[in-house]
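Please see the structure below; I have some questions.
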Amino acid sequence: MTNPILENIRRALGRPQETLLGLRPSILEPRTPASPDSEIAFFLEEIENLSGVGQKLAANEVETALKNLVSEQKIGKASVWNTPLLHDLKIAEHLRALGVDVIPPNASKHQIAECDLGVTEADFILPETGTLALRSSEEKPRATSLAPRVHLAIVTPAALRADLHQVFAEAKNSHYLVFISGASRTADIELTLVLGVHGPKNLYVWVI
Amino acid sequence: MPKAQLFLTCLGDQFYTGTLQNMTRLLEQLGVELVFPAAQTCCGQPLFNNGFEDKTRAVALNFMRAFNQSDAPIIGPSGSCVSMVKHHYPALFQVGTPEHALALDISSRIFEFTEYLVHVLQVTDVGASYPHKVTYHASCHYLREMGLKTEAKALIHAVKGLNFVPLNEEDTCCGFGGAFTVTYPEVSRSMMENKVRNVIASGADTVITCEPGCLMNIAGGLQKAGSSIRAMHIIDLLASH
Amino acid sequence: MSNTPTYIGFEEYSQHIPASIPAAVQQATSRFIVGRAARVAELPEWEQLRQAGSDIRLHTIENMDVYLAQFEEKVKAAGGHVHWAETAEDARQIVLEIAKTHHVKMAVKSKSMATEEINLNQALEAAGIEAIETDLGEYIIQIAGTGPSHILAPAVHLKKEEVAALFSKHLHMNAPDDPIELAQIARKTLREKFLAAEMGISGGNFLIAESGTLVLVTNEGNGRMCTTMPDLHVAVVGIDKIIPDWESLTVFLKLLARSATGQKLSTYTQFISGARRSEGEFGPNEFHIVLLDNGRSNILKDPIGREVFKCIRCGSCVNVCPVYKNVGGFAYGWFISGPIGAIFAPQMLGTQTARELPYASTLCGACADVCPVKIPIPTILRHLRRRVAQGDEFSKPSMPAPLQVTASLTSAALASHWVYRFGTRLLPLINPLFRHNNWLTNMPYPLSRWTKVRPLPAFGAHFRQWWKKRRTTK
C-alpha cells in the first residue's frame, strides 16, 4: 500500500528510492564517570539543586528515616512498588508499623491519587542531571511516582550510569521509561516558581 | 605604501561628510594612499534585504565596476554595507560567470574600517585623545555578520583620557534594521527607546558605534529624548584630539 | 486567535499591544536568557553539540521518508496505532473518530503545538467533547480565551490578580491572588479531570524511528498525567519531529532544556513505545499516534526553507529577539511567534497570508547565535522576503504594487551613478523646509515614517566636492 505522505516527501526531496543517503552524523563521545563515591555525591548534590532531598543511608537507617519522613510530611496513605530491594528493606512493613495505610501499587487510579506517598526504586540514576530513570511493569506502575504528593525513590549505587548513552543503550527496548529530574514545577504565573503543580511536590532520594 | 579605495556607503555619503573626511585623514596619516572611485553609489543592501534580489544585481554591478578600476583593497565605514559586499555579492551571480568571479574578487578585498586598522595595518592606537565618559553600542551586522567582536573596543580603549563605561544590552539591536524603521516604525521606536534608555543609564556623555545607520537612529533618538549625550561614529572618536 | 488566519497584519497588531505585554514578556525572556547562559557555560562542548544537532537534523530531513516508515513499522510492532494525516482536517477527523469509538466525553490535553496548529480543541468542543488544557499556562489562557504570548510561558502576559479573577469566575470560587495557591487550585481541579477523562491527548517532542518511541518532555507532570491516567492516549505530532535513533536523542535532550528554560533536563521526560503491557502498570491500553503533514512535505522541496524543520521548539530565538521583546507573541498572529514563527508561518500558511512576518525582523542575527540546532534564521528570512517580493516556485509575489514600483525606481537610481549624484545634489535643497536645529522633522510620507519616531539628520553630501577641491589644491 502506498502512503501518499511518504510519496510526497520522496518527491519533494527528489529521492529515487527508499534507502538512506549516508549515515547518521556522529555523536559526541560518552562521558567518563568519576569514582562511584564522587558520582553519588555529585548525584545527591544535583537532587538538592532540583529542590529534592537527597541522602545516603545504610540499610539499618531506613526505618528511622521513614519515621522522620512520615511525621514530617504527615503521611497517612502510601503505595510501595513490589521490588526485591524494597522488600528487603521492609518499606511497606515499616510504614504500616508507623500507622500508614499502605495500598498495593496496582490499586485503582483513584486510590493511588489519594496517597500521600509513593515509594519507587529507580532502575538507573544519572549524576550529571540528578535524574532518576524508571521503567514500568505490573510491579512497578507509573502512577506511584506521579500521583502522590510525596515521591520517595530508593536506589543503590548499582543503578549509577555515566550518561544518557549508557541508559539508552540498556533501556531503549523498554515499552515505557520516564526520567524524573526533580520535583514537579511550574513558573506559569508571573514566573513564580511553584513546586508540585501536577506531580509530586516533594522528592526524596535515598541511596542505600 | 599601502593603497586603498574609499567606499563612502550611501548613508555616510548623504549624512556624514565629516566622518568621511576624518576617515580619509586618518588613513592618510597612517600612510595609506587613497583612491576615490567617483562612480560608486550604494551597495544595494536596502534592495537585497527586502527581497529584491533581481533588482539588487544592477546596483551590485555598478559597485563592482566602480571598484574594479583598481585592484586595491576597499575600505568602508560600515560593517553592514561591507558585509553585504563581502558575504552576499557572490550569491547574487551564477557560478561560472565573469560577474561571479568579479564578486568573489571584490569580496576578498573589502574591509570594514576598524577591521582594516586592526588587522591589516595592525594599529589600535591612532594617537587620539578624548577626555570623556564613553560607552559603545555593538552594531548587529558589524558584530555578527562581520564577526568583529573586539576591534572597536581595542581602538576605543587606546584613546587617551577616555573613561569607558559599559552599556547594558550592548549587543541588542537598536531598532534600525534599514527599511525596518519605516516598515514597522512603532516597533522600531520601542527598540530605539530601549537602546536610548540604556545609553542614558550608562552615565556616558558619548556613545560610539561603527555603523552610520545605528548612528542616525540612536542620535535621533537621543535628540528626541532631549538628551545631551553625543552619538558618534568611531571614526570621529579616533580623529579627536 | 485562530490558528488558520487568512491574513496576518503584523504592523496593525503590533500597534495595538497593551503596554503591559512587552513588560511581562521582557521579564520572562530575561529570566530565560540568564538561565540558558548559565547552563550553556557549563558545557565546554556546547558548540560541538550544536553542530551535531544541526547535522543530525539535516540528515533526518534528507531521509525523512525512510525514518518515518521505520517509525511506523516499530510503533505497530509495539502494538500502537499509526495514522497519517495529510491535512489538518484529516487529523481532526482521525482524532474525533477515535474519540467517538471510545465514547469519549472528556479529553485531557498536554501542551501540544500540533493540536494548536489543527485547532483540535474547537473540533472536539463542536463534537460535544470537553477538551481541557492541563499545562497551567495553557489552562489559564484556555479559560481566558486568548492565544499564547510566549512559547514557553503562554500566560506570562497575565498578572496574578487577573489569573485569580479568571479562576474565581470560571471555578465559582474566591481565588486568592497568590501563584502558589492558584497552582494548588489548578492541581486540585485538574486532578479530578485527569481521573475522569477517557482520553489523553499529547503532542510529542521527538519521535524515535529506531524503536517507534514517542518522547514527551514536561515540567509540571501534566504530560505524564495525560498519558498515565486515561485508558486511551492519542498523540498528534508533526512529521518533522522524527529523529533516527536514541543516540541522536542524547544530543537533543542536552540541547533542549538548557536552551529553553535553563534546566539541564526538564523535570519529566517520557519515552513511550506502544500501550501498557499489563493493566496494573497504568498507562493507556490503546496508543494512537497521528502523524501530521499539513503542508510539511511540500516545504521539503525548498532546501533553504526546510531548515525550519531542524527546530526543537526551545524558544531561545524568541527570548533573544529584540522585535519579539517589544511586541510579544500576539503581534505574530499565529501560535508560534518570534523569529521561528516568522519563518514558520509564511511557509505553513503561505506568503499571501503571512507576507508581513519575514519583514518583522531587523536581521540582527541574535536568533541564529543562540539556536541550538543552528537554523540560519536571517538567511531564511531573506529567502522568504525574496518570495514575497519577487515570487518563486512556491508562490507568486505578494508585495503590494507601490512597493514594487519604489524598489524598481530605487534600483534604477542606485545603478546609475549619474542619477545617484544628481539626487544627492537635490536632496539638501529640501533641508530648509523641515530643518530645526540641524535636524529634519515632520517630513512628508514616506519619510514621515522615520521622522514621526525620531528626527533625521540634514542631507549634506559634500564629500565629493571636498575630495575634488583637496586634490586640485594639493
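By letter and in written order, the chains are A, B and C; residue numbering begins at 1 in each of them.
Rule of thumb we're sticking to: contacts are C-beta pairs under 8 Å (C-beta built on N, C-alpha and C of every residue); 3 or more make two chains touch, one makes a residue touch a chain.
Keep in mind that this is a model prediction, so the values were computed, not measured.
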Most widely separated chain from chain B, with each centre as the mean of CA atoms: A
Distance-to-centre winner among chains (Cα means, whole assembly as reference): C
Mean-CA-position distance for chain C and chain B (Å): 33
Interchain centroid distance [CA atoms averaged], chain A/chain B, Å: 54
Interface hub residues of chain A, defined as touching at least two other chains: none
Residues of chain C defined as touching chain B within the complex: 10-11, 14-15, 22, 322-323, 326-327, 358-366, 368-369, 382, 384-390, 399, 407-408, 410-412, 414-417, 420, 424, 427, 439, 446-447, 449-450, 452-464, 466-467
For the chain C and chain A complex, residues of the former touching the latter: 27-28, 31, 45, 48-49, 52, 55-56, 59-60, 62-66, 68-69, 78, 84, 86, 134-137, 140, 153-156, 158-160, 163, 179-180, 182-183, 186-187, 190-191, 194-195, 210-211, 213, 219-222, 224-225, 228-229, 239, 244-251, 253-254, 263-274, 276-283, 291, 293, 297-301
Parts of chain A lying in touch with chain C, wherever the complex brings them together: 3-6, 8-10, 12-13, 15, 18-22, 24-28, 46, 50, 105-106, 109-110, 112-113, 128-131, 136-138, 140-143, 146-147, 163-165, 168-169, 171-192, 194, 196-200
Chain B residues within the chain C interface of the complex: 8, 10, 13-17, 20-21, 24, 36, 38-42, 44, 46-56, 58-59, 61-62, 66, 140-141, 144-145, 171-173, 175-192, 194, 216-217, 219-221, 223-224
